[in-house]
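Both of the next two complexes hold chain A, though its partner changes from chain B to chain C.
This part shows the complex of A and B:
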C-alpha cells in the first residue's frame, strides 16, 4: 500500500503543475474524483489511525472487503453505465452460497456440481432480469427489486424445505482441497483468495470495456439507447448479457464466501446492494448512464472498503463510519459533477 | 439532372393508424444534389412521413422508389443499408462519449485479432476529425473531445458527416436548426449545402421558412397529412409560404369562429 501512495503523489504533483500544457490531463477522466477521494480517505485514516491500517494485517482487512464488493460492483457499474440498475445482487449472493452449501454440504454431492449449479442459477436469474427489463419496459429498479424479493423467498423456502434450517454447514472436507485452494483459502493467513479473482476479473473488464469494441456499445447504450439501436448495436442482447454478468458475479461471490467460511446463511448480502452502488457512484459512474470507468469503480470500491474498515484503526466509535460514508458519497458525487463538466467544456487550443 | 430518375420518390403514400388517416396521397421526388424542404406545422404528419422514409413505419398504401426501383424497408437498419440516413434534432449522438468513439458506434475500427481485437482509437479519431473538417468545421481538431462539449451546430454537423461517411445517399434532417441560434443555424445550413454539392438528396424538415429558403430547391407544405403546396425555388415569396404553413384559410376560419363565439356572449 505504501508504494501506492508513493506512486500516486508524484502523479498528483505532475497533474496539478501540468494542467495548463498537458491536454491529456487525467482530471477529465471519470476516475479522477475517485482517485482523489481514495487519497483523501487514506490520508484521513493515516492522520487519525496511524499506519496500522497500512500494515499487512490492516491491508488484508479492507482488501478482503474490497475484493468481494469489487467483483459485484464492476458489473453493477457497467449496468449503470448502460443506464440500468441491478439490486437483485442482494439476493444472489446468499443464493450462490446456499446453493453450494446445500448441494455439496447438505447433499454430499460433488463441489464442482455445486459450483456449476450456483453459477447456472446466476445465469438464469440474470437472464430473467434482462429479459424482463427488455420486454416490459418497467424501470430496472422495480424489476430487480421484484427479483430480489422473489429470490429471497426462493432461497429461504428451498433451504428450509431441504435442510430444515436457514444456515447450512459446508465442512472443508466436503469442499475438497482444490476448491478450497481456488475459492476459499487465506493467502499468508490473512488475504482471502477472492482478492486474486478480483484482480484478474478487473484486468479482463478493463480490457473488454475500455479497449475492445464492446465497451463502446455499453457507453452508447447508456448515452442514448435509441441511437445505439439505430447504429446497429444489439442493445437487447447486450442488456441480457450485462444482467447475466452481474447475477453470476454475485453468485460467484456467494459461493466463494461459503467455501471460505465453511457455511452459508440465508440472510447475507443485503448490505451489498447499497455498498455496490456507493462504490460505483463514488467511482465516477454517472447514475443516469453513459459515463464511467472500470478503474474508477475499483477506486470507489477501495475507498469504501478503507472507510468501512479504517475506523477500527482509529479511536473513533465504529458507529461513526456510516457518517463518513454518507458525507463521502455526497462529496464524491459533487466532485464528479465538477470533473464531468470540465471534461465537457474541454477544448484544446481554442483560438 | 432532371433526366435521370429521382434518387428517392414517394408515390401516393398514405398511412393510417386504425381509423385515423395521418397521411393522404403523398407524392414527392428528390433528385441527387437537390434539397427538398418539407414545411409544416406541428401535427401536420411530418414525423410520420420521416418514419416511413427511415423504415420505422410501413406505408398503408403507395410505394417508395429508390433510383426508380420500388423498395420496402423492414426496419430502420434496412433503410440505412439502402443509404437513407436520418439525423434528428439533437444529432442522435452521445454527449459523454468522445468524438472518435461516438462517430464509430456500432462499426468500431479494430486492430489485433480474435478475442484481443482492440478499438483503434487513433484511427477512429483521425477519420472522424477528418470527416467533420471536410464539411468545413475546422474548430474540431481533437477526436478525444466529448461530443457534449460541442455546440449544437457542431453536433449536427458531426451527425451529418457521420451519415455521409457511412455511405448515406439520402439525408433526412429532422428540424436540425430548431434549437439553434442564428450563427449555429448558419453553420448547419452550410453543411446542408455541402451535402448537396456532394450529390446527396437532402430532405430538410423545418418550420423556419428563412432556413428553408436559404438552401431549398424544392418545397412541399404539409397540412393535416396532405400536401397543400408543392413548388420550386423562387415560385413563392416568404410571406406566401409562411401564410401557407400557418394554414392560410384555416386561420381565417379560426378567427371567424372566435369572433362568432364573442358575438354569442
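This part shows the complex of A and C:
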C-alpha cells in the first residue's frame, strides 16, 4: 500500500502538507473510495468464485484486460479531470491496429515504420481534437464524436482501398521477434507484456500529475478554466497535449493488440469508450472535473477488469453477466461518492 | 405522320429486344464491401456466357447501406424502367421491397431472389427461386462437423447475444451436434467485451479453464476467432480444443493452413452471384428450371482438406 502515500492528489496534498500522518487524511484521498471498491469486488468474487481468480492464470485473466484499458483510461481520466471528454479513442484503437497491420502485414514494410505511423496518426488526431475543442468552443463530447465517426470512416475506407478487406493479418514473422517481444509477448506464458507498459506509463503519469506543476494545471483547468488561464496556465497548449496523449495511447493499445493477436479488424474498439469512462469514474474522478487521481484511475480500471472477468470464475448463468457487472460497478461508484463527500467537505483546523 | 413513324420505330425496337438474348439486372451491395465484391465476381463470370449469346448483365449497386430497403426498391424500379428481362435482387427489407418486386413481375420481368430472403418469400412474390444461405443451416453444418470429428462438448461464443442471425447460428450448432450425440452450449459475452480482443480471449481462457470437458469452440465472426485462438493457447489447450468460426479472414485461413484452427463455415458469396445470374438467364432463354428450391450456396466448410484451393480462390477474389 506504499503507492497510496506516493500518490496524493495535489489539491488535497497541499492542504494536508506538513501535518502528521493520520488515517483520516488517507481516507479523504480521491483513491480511497476506489481502493475500497476494489477490495469489495475482490471479496465478492472470492466468496462466489473461489480463489481461482487469484491464482496466476486467473490474475492474468483480469490483469491483461486491465492493462489495455488502463493505458487508455489514464489520459481519458486526466481529460475528465480537466473537464473534457475524448470518445474518439473508440476509433483510434482500430486505427492503430489497422495502421500497423496494413503497413507491416499487408504492405510488407518494416514493423518499426508501421508502429511509428500508428503513433504519428494518434498525434495528428489528438492535435485535431485539442485544437477543435480550443478553437470552436463546441463541447468536447460533440467534437470527439465527430472525429470518432470520421476516423471510423477513414479506417474503413483506407483499409478497403489498400487491402480490399476489413480484416488484415499480421503474422508473427512480419512483426519480427523484437516487436513481438516488446508489444505482443506473454510473460511467463500468461501475462501480456502490455501490463509492463501500463505500469511504466502509470509511474510516469503519477510523477507528472502529482509531483510536477503540470498536474496542478490540469486540476486547475477542471476547476475553473478562466481563472486558470488568468493565473498564467497555458490552458490551450495543455488541452492539445492531453488530447494527443489520449489519442496516441489509444493507437498504442491498438498496435499492441494487432501484434499480439496477429490480426486487426476495422470494427474493434468501441467498447473502450464506455469502459474507459466507467473505469475513470469508478476510480473516483468527478464527472464534472477538478477532482481525481492517477492511482484512483488505476484502482478503477482494476475494479472494472475484475468485475468483468470475475464472472467467468463463478457459477452464475452467463446470461446475467451484464446485470452483475452493472450492479457491481454502481455499488463501487456509490462507495466512492461517500468518500468524496468526506474529502470535499473536510476542512482542517487552522493553526 | 410523326406519330406513326414513332410507333413503327418502337414496334421495331420491341421486336429487336425480344429477338435478342436476356438482359439481366442484378441489384446488390457496394462493391467496396469485400463480401459483395465476391458476389460481383460471380455474376461477372456468369455474364461472360450470357454476353456471348448477345445478352447483358448490369450490376445496380447501392451507394450506401443507410436506407437499405427503399434504396433497393428504387433500384428495382430503375431496372423495370430499363426494360430488362430478368432481375436478381436480395430481399433485405421485405416491407420496403415487396411492392417493387411485384411491380416487376407484373411487368413481365422474371425475378430471382438472392442472398437475403427465403424460398417461402420467393413463392409468395412469384420469383422463380432463392439462391443464398441460411444461418441456422450453417450452424447445423458446423455442429455436425464437430460431431463427425468426435468433438462432443462445444461452446458457441456469441459476442452479440440477442442478434437473431447469430442466435440462429449457435442454435444450429447445438442441434447439429445433438444429432451426433454431443452437446453445445452458448457462451454469451457481455456487451463490455465486444470489440475488445483481450476481453474476449480472457473470457474464453477462463471458461476453458473452468470447464475441462470442453473440446470444441466456435465463434460467430472471423475476428472473434483471432481472439479465441489466443484464448485457447493461453488456456494451454491448443490441439486439445478444436476451433471453428463462422466466416473467415486472412489470419483464420493461415491458422487452418498451419493446423491451429479446425475449420471455418462459409456462405460462398461467389456462388450466389454466379448461380443466381446464370440460372435466371437459363430460365428466361431456354426454359430451364431447377427443381431444387431453395438453392443453398452455404454452408461450405473450409478445413485442411480444401484450404489450398480456398487460398487460390482468395487470390482470385472469389473467396
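Observations on the structure shown:
Going forward, the second predicted complex is superposed on the first by the 322 of 351 C-alpha atoms of A that agree within 3 Å, B and C clash if a C-alpha of one lies under 4 Å from a C-alpha of the other, contacts with A are read in each partner's own complex, and residues count from 1 in each chain.
The definition used in the following text is that a contact is a pair of C-beta atoms (placed from the backbone, for glycine too) under 8 Å apart; a residue touches a chain by one contact, two chains touch by 3 or more.
This is a predicted model, so every value here is computed, not measured.
Applying the stated contact rule after C-alpha superposition, one finds that A:213 touches chain B and leaves chain C untouched. In the superposition on chain A, A:129 makes contact with neither chain B nor chain C. Judged by the touch definition given at the top, the superposed model places A:192 against chain C, while chain B stays out of reach. Residue contacts after overlaying the shared chain place A:147 against neither chain B nor chain C. In the overlay built on the shared chain, the residue A:88 is in contact with neither chain B nor chain C.
Between chain B and chain C, C touches the greater number of residues of chain A. Judged by the touch definition given at the top, the superposed model places A:249 against neither chain B nor chain C. Residue ranges on chain C touching chain A, taken from their complex, read 32-34, 37, 161, 187-199, 201-203, 205-207, 209-210, 222-223, 226-227, 229-230, 234-235, 249-251, 254, 317. Of all the residues in chain B, the ones that touch chain A in their complex are 76-77, 80, 92-97, 101-102, 104-108, 110, 117-119, 139, 141-142, 144-146, 148-149.
Chain A meets chain B in the complex at residues 23-24, 211-213, 215-217, 219-220, 223-224, 226-228, 230-233, 286, 290-291, 340, 343-349. Contacts from chain A toward chain C in the complex involve residues 52-53, 57-58, 60-62, 64-65, 68-69, 157, 160-161, 164-171, 186, 189-190, 192, 257, 260-263, 265, 267-272, 274-275, 308-309, 311-313, 318-319, 321-322, 325.
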